[in-house]
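Common to both upcoming complexes is chain A, partnered first by chain B, then by chain C.
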Partner chain A sequence: MRATRPLALAAAGALALTACGGGDSVDTGGGGDGGGDNTLVAAVSAQPDQLDPHVTTAYASFQVLENVYDTLVVPDPEDLTMQPSLATEWETSEDDLEWRFTLRDGVTFHDGSEFDSADVVYSYNRIIDEELSNSFRFQNVESVEADGPETVVIRLTQPTPNLLERIGSFKGMAILPENAAEDLDLTTEANGTGPFQLESSDASSTVLTAYEDYWDGAPSVDGVEFRYITEPAAALTALQNGEVQWTDNVPPQQIESLGDDDSVELETTASVDYWYMSMNYARPPFDNRDVRRAISFAIDREEVAEAAWFGAAQANQTAIPEDSFFYYDYAPFERDPEQARQLLAQAGVTTPLTMGLMVTDEYPETVTAAQVIAGQLEEVGITVEIETLDFATWLDRQGEGDYDAFFLGWLGNLDPAAYYQEQHQTDGPNNYQGYSNPQVDQLLQQGATETEDEARKAIYDQAAQIIVDDVSYLYLYNPDVVQAWAPGLSGYQIRADKAINFENVELP
Partner chain B sequence: MVVLAGVSVIVFGLVHLVPGDPVRLALGTRFSQDTYDALRERSGLDQPLVTQFFDWLGRALSGDLGVSFRSGDTVTSLIAERLPATLTLAFASILVALVIAVPLGTISALRPRSIIDRFATLISQFGISVPEFWMAIVLILVFAGTLGWLPSGGYVPLSEDPLGWLERLVMPAVVTGVVSGSVITRFVRSSVLEALGADHVRTARAKGLPERQVFTWHVLRNALLPLVTVTGVQLAYLLSGVVVVEIVFSWPGLGQLALQSVQARDYPVLQGAILLFAIVFLVINLVVDLLYTAIDPRIRR
Partner chain C sequence: MTAPPEPAAVSLKPARPRWRETLGLLARNPTAAVSAVLLLAIVLIAVFDETLAPQGPNEISVGDRLQSPSWAHPFGTDDLGRDILSRVILGAGVSLRVGFLAVGIALVIGTVIGLLAGFYGRWVDDVLMRIMDMLFAFPAVLLAIAVLAVRGAGSGNTALAIGIVYIPVFARVTRASVLGVREEVYVRASRSVGASDLRLLTRHVLPNAAPPIIVQTSISLAFAVLAEAALSFLGLGTQPPNPSWGLMLAEGRGFIDLAWWLAFFPGMAIFLTVLCFNLLGDGLRDVLDPKQRTLMAGGGR
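And now, the complex of A and B:
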C-alpha cells in the first residue's frame, strides 16, 4: 500500500489537463493524413458488448464511448466534481425543483449536424420512455423540455442535489443526435460530439479517428485503436515490446516490481469502487447484530486487501475512499479475535459455526480474498465454506436470497447517495441483505434532498456510522486503478472513476 | 437431418436449463423493475419456453438464428465474423500436428523400444500433459517478450497483411498443434505397429518385395485408416474453438464467442454456436466415412 502512493504522485505532476470547461487544446492539424503512425494503440481486456451508450452496462463499452460521446456535465479528472461540458452553465429555481441548463454554442456531431436542445430532450426522453438501463437516474425527474435551441429545463418532483452526478457521471447519459435510434443502428454505429469518431469495431479491435471539428479542439493523436487482450501477461508483453502504448490490464502480482521497470510507466490511484461482504438477515444467526459485529472484529482488512490486490488496494471500514470530499474517517473495527469470540458467546452462538460465503470467478481476486477471510474467521470458531460461482448463477442466488454471506463490490460511485441509499434503505432496490433501521432511512431521505454540501456530508457521516456499527455491509477495501503506458506518453490522466479519456494524449 | 432436429431440441433445452438470468446480467447491478420488465419483453423471454422454441426453430430453418441479447447483432453475423480466424487456426494446427505426428509415430513404430521411440513417447506425453495455458504464456514471454521476434497475439486477415497473418498464427498453431500432434502420434505408432505385424505384410515380405514397397503399399496404407479417424476428431475439436489458446493469444475465434455467450447467458448466440459445432461434427464424420471408402476398397462393398 505504501509503495503505490508515491508512484501516483510522481507521475501525475507531469500532466497538465484542463477540465472540459474551456481552454483550447493545441490543434496539431495534419488533416487525417497517413493514419498509422500517430495512432495510439490501447490494450483493453475485453470487447465492448455493444456501442449504444443508453443500453450497455459493460465497462469495456464505456472505455470506448468515453471518447466518442459527451454529456451535459462531466466529472473533473482531479476531484470528480461536476464541470461544464455540453452545458456551459446552469441555475436552479428558488424551490430547487427546476434546473435550467445553457447549452454550448458551436458544437457539431460527427456527421456535421448542429447540436441543440432538441438533442438533449430526445436523449433523456429516450432513456425515460424506453425504460433503458439508466432510467432510474431520472426517478425524480418530472419533465425534460427545451426552451429555445440553447436552453434545456429539467423539472423535478423533489429537490435532487445530486442531479449533476445523475446526468454526468459517465457516458451512459450521453447526448445523441435527435432520432439517432431511428437513423442509426446504435449497437454498432455512433454519432456523438466527442473528440473521436467511431471508425470500425470487430472481434479484434475498435478503431476511433480524431474528430477535427471537436468543440474543445481536435485531439493530438490521429486516432485510437482499442485492442482486446484478455490475458494480463500478454497485454504487459505487448506494452513492453511496443505493440501497444497503453494498457489497464496489468497482472496484479507484478504491480510492485513494475515500479522499478524502465520499459513501462505505471501509475495507480485510489478508485471510487468499494468491495464488501454482506450477511443475510433472513438467516439466523446472521440477523444478530452481535454475530455480525463479531465477524467484523475477526477480519483484518489490510491482510484481505493485500491478498486480493497485492497491495494495490486501500483497506477501508466505510464505503467512500479517502480522496473524496465525502470521506468519513471512521474505523471502529481493529482486528480483535478475543472480542469477536466474546460477542459470539454473548449472542449464544455455539462454535464452530458454519457460514457459506458466495463469491464469483467473474472477479478472481475476490476468490483469493475469501480464502484469507476464511482463515481469519476460523480463528474465532467460524468455519467458512467458500462457494465459487459464475456470475449469472451468483446473481440468481443473490436475488433469491439463497446465501449466508456474499462478497462483491460497487463500482463507479461518485455521490454519497450512490454509495448508501439503494443498499441500506429499508426495502431499497439493492438491499439484498434485508437491513432495516428507521434512523438510517430518515438520514438517507434527508441526505437525498439536502442541497448544501457541508450539511449533506454531516448527514451521510451519521448514516455511515450507524451502517458500519450495525454491519449492514462489512466494508473491506477500495482497490486502486492501475494503468501502465509507454515511457514518454503524455497528456493522459489516470482517474479515480476509471474513465479513460485520450482527448489530450500525445505519443512519445 | 433427424440428428440435427434432435440436437436442436437438446441444445435449446440445455441452454435454458442452465441457471442464470440474461436480463439481469445485461442490466448490470443498478436498474429499476420497469427496466427489467421492458427488456424481458423485448427479448421475448416472457413467452412460454415452448413458444420460444418454435419461434427459434422456425426462424433457424430459414437461416435466421436470431439476435444476440448482448450485442444486438445477428447471430449469423457474429459467427461469420469469427469463422475465418477459427478455420485458419484449426487447419494450421492440424498441419502442425500431422507434421509432428506422422514422422514421429512412424519412426518410433519401426524401431520400437529404441532411443527414438522413447524420445517420441516422452514428447507426446509432454504435449498431452502440459497445460496449453502454460505453454502459451511461455511462448509469449520468450518469443514476443525476450526475443521480440513475434507479436504477442491478435489476428489480421491473410488478405490484409500476409506476413502479419503468418507471424500471429505461428504461436497459437504451435500450441494447439503440439497438443493434437501428441494425441495423433500415439495413434500413428500403434496403428503402424499393428499393420507391421499383419499377415499380409509377412506374405509380402515372404514373396521378396523390397522393404520400401512393403512399407508404402502394405503398412502405411493400412495404418492410414485410424489416422484419418483421429485427425477428423481432432479437427472437429479444433473447429469448435480452442478457448484457452484463443484467450491467451487474443485470437478472435468461435471459442471466445461461445465462452462470452455462456457467461452472459446469451441464449441465441449460444444456441447458434452449438448448432454450428454439431453440424461441423456431422460433416467431418461424413468426410471421414467417404475417405474410408477411398482408402480401403473393402469398405465399398
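And now, the complex of A and C:
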C-alpha cells in the first residue's frame, strides 16, 4: 500500500482548524461536558479521499476504516503475526492449494444483518472481478467459494505461504455485506462489522459511534471524532490544550522536547515503512551499475535519516526493518566519496554529472532528504537538481518514466514478498525503474511459494543481497511511528503497521 | 539652412540636467532617500553575494542544526545546519534577479503595447487593450501559478510568470500617460514638420510619458519580490536547496516555536526590501509629478 502522507497540505484542514479553534476554548478537555462527554477526538492530518475500503489507497481513509470494518484475520498488535478475527480457525490441504476458513458465529453488520460466508465470497470476488487496487493480493487465487454458511474455501494455483498476510494485513481486504456496492454508495457510506459505525464524514471531520452489538464487546468510548488538522504544530497545540485526545501528526523536531512535557504522552515504535531512492534504468548513465553503486557509496544514510526525522528513523541498506523476522543485516555501502569517484571514472562518466531528483511536497521529508542527498552527491561531482512536484504530477511522471531519479517510501508492508516482489521482479507492476535480473526473478518466484519460514528467509536474504548490490533501489531508512495522546488515556496500542485501532481505548 | 543661434540653444538647457535635479529633490525626502540607500546596499549585497557570504549556502551539517544566533552564525543555523546569514545573502541575489528580470519583461513589453495603443488609438488600441484586460482579469498569483504549471517550477520561469502578470499594468499606465502626451503642442508641432512616427514616439512621447512608468517600475519591483517569495513559499518558485527568502520562510514555518530565527531573518529581508521599493516609489511619484515638483523646488529656494 502506498498511502497518502499523514501530513498532507490540504487547505480544507487548515480551515477546519480555524473553525474549531474558537468555540471550545473553555472546555479543558477530558471530562468536560462540551459535546465531547465520552467521545475520543483524534487529530489526523488529512481527510479520507473516500471510504470504499476496496478502492482507496489513502492512509487517511484507512485510519477511519480500521475502526469500521473487519477482515478474516488481523495482525497481532505486538508482533504483526496473523490472528483470528472474522475467521476463527483455518486449515490447509496436504498440497497447500486449498485453505478452509471457519467463520465466527454471531457476528452482525452495523445494519443488524447476519454475517456469513456469502459476504466473504462477495467481498473477495468484488476485488478480483473488478480488478480493484488490491486484486494483486489474489493473484494465486483460483476460486473463493462458500461451503455452508460458516465455511469459506480458497483454492490456489500454487502454494501461497503468505495468504494470511495477503487477506489480513490491512482493511483494504475488508469484508462487506453481500451486494454492498449495489445497496450503498460505498465512497461515502459504510456497513461493516467493526467496533464503530460511521455517523458522518465532511470536510472538517469524520464521526464514528460505538457499535453496541460488536462481536468482541462494545467499545468503551461512545464514539470517535477524527478531526483534520493539517499543520503538525497546530495538532500538537490542540492536544496540549485538551481540544483533542490523540494525534499522529507530531512534528519530528519536537519529539525530543516532548519527552519532558507532562501535558502529552508520546510514544514511538519502529514502523514497517521504508524510504528509498530509485534511479531510472532507461536514462543513461543510470543504467550503469557502477554509476548507481558510486551514488550509493556517496550517500551517508545516517545523516539523511537524522535530517528528515531528528533521530526517529533508522538508517537501513535493505527494505525490511530490524524488528522483523525477515530482517537481513546487510550493509555493504559505507560512505566513501573516494570509491564513489573511482567508480564514476571507471564507468567513463565525466563529472560534473547532472541528476534530476523528483520529490513531492505531499511528503515533506522527501524534500528535506533530497537536499541532504544533493549536498552529499555534490562532493563526488554529481549535481542534483531537485524538482518538487505535487503528488499527482509526480505519479504521472513516475508512470511515464520521465525522471532521472526519485525519492519516496512504501508503507505498511508485512511480508517479504510485499517488500520485494512487485518492485524488483522483471516487469513487476511497481518496477518503475526497469530493473531486470533473472537470478532475482527466480529467487522471488521461489520465495513466493516456499512454505517453511527459515527457508523463505534464506531465499529473500539472497534476493535482497543482489537487489542491494545492483542498487535496484537505494534503500535509506525506516522511520518510526510517532503518536501522542492525552495523559491517562488507556487501552491504546501504538503499532508498527500504523493501524489505528480505538476499540479498547478509555478516556482519562 | 541657417544654423540656430548658438546662445539661444544654450539658454534653453536647464542649469542642471533634469535627472540631477530629480535626484536632488529626492534626497530632500528623507524616507525616499533612506530607502534608496538601503536598496543600493541590498543590490550591492546581491551583486557580491558569494564574496560576502561567510559560508556556502548549501553547506549541510546536520550536527550543527538549529543553533541560535551566535558569533559563528549571526543569524543562526537552519534545520539542516546551514548558515542562515549566508542563505539570506544569497537569497538577495535570487530575489532581486527574479524581481528585476520579471519587471524588465513587464516593462519592455507593457510599455511597447501601451505606447502603440495610446499613440495610434482606434482599432490598435481596442485589440491590444482588450487582450490586456483579459490578462488583467486573472488574479495575479493565480495567473503566475498557471504559467508555472505549464512551464514547470524554477526561478527563470518564476521571473517569466511574474513578468507576464505585470505586462497589463505597465501597458495601462503607459497608455494613460501617452493619451495625455500625444495631444501636446510639441508633439503636433513635430508631426507637422514631418517627423516620423518612430521619431515622435522615441523623442517626444516616451520621454514625456515616462514619469508614471518609472514610479510603476519601483512599485512593481516590490510586488515582484513579494510574488517571488509567495510562489517559492508555495513550492513553485525557486527550488530547494537554492536559497530564496520565500522558500526559507516556508521551511522555517514548522520550526517557529522551536527556532524563531529560521523564519524571522528571511521574513525581515522580504519586509525591508518590499518596504524600500514602495517608499522609493512614493518618493519618486512626488518628485516626478510636475505639479508637486514645482512646489517642492519652489519650497527649496
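The working rule: the second predicted complex is superposed on the first by the 472 of 508 C-alpha atoms of A that agree within 3 Å, B and C clash if a C-alpha of one lies under 4 Å from a C-alpha of the other, contacts with A are read in each partner's own complex, and residues count from 1 in each chain.
Methods note: a contact is a pair of C-beta atoms (placed from the backbone, for glycine too) under 8 Å apart; a residue touches a chain by one contact, two chains touch by 3 or more.
Nothing here was measured: the structure is a model prediction, and the numbers come from that model.
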Of chain C and chain B, partner touching more chain A residues: B
Partner chain in contact with A:399 - chain B first, chain C second, else both or neither: first
Touched partner set for A:370, first chain B, second chain C, both or neither: second
Which superposed partner A:131 touches (first chain B, second chain C, both, neither): first
Touching partner for A:52 - first (chain B), second (chain C), both, neither: first
Contacts of A:455 with chain B and chain C, given as first, second, both or neither: neither
Partner chain in contact with A:233 - chain B first, chain C second, else both or neither: both
First, second, both or neither for A:282, with chain B first and chain C second: neither
Partner chain in contact with A:391 - chain B first, chain C second, else both or neither: first
Touching both chain B and chain C, residues of chain A: 231, 233
Chain C-touching residues of chain A, taken from the complex the two chains share: 231-233, 251, 253-254, 257, 303, 306-307, 361, 367-368, 370-372, 374-376, 378, 385-389
Interfacial residue positions of chain C with respect to chain A in the complex: 58-60, 62, 65-66, 79-80, 152-153, 235, 239-241, 254-258
Residues of chain B defined as touching chain A within the complex: 18-22, 24-35, 37-39, 70-73, 81-82, 85, 137, 140-141, 144-145, 148, 151-156, 247-250, 252, 256-257, 260, 263-265
Of chain A, residues touching chain B in the complex: 47, 49-50, 52, 55, 57-58, 130-133, 135-136, 139, 185, 187-188, 202-204, 227-231, 233-234, 237-238, 240-241, 243, 362, 390-393, 395-396, 399, 410, 422, 429-430
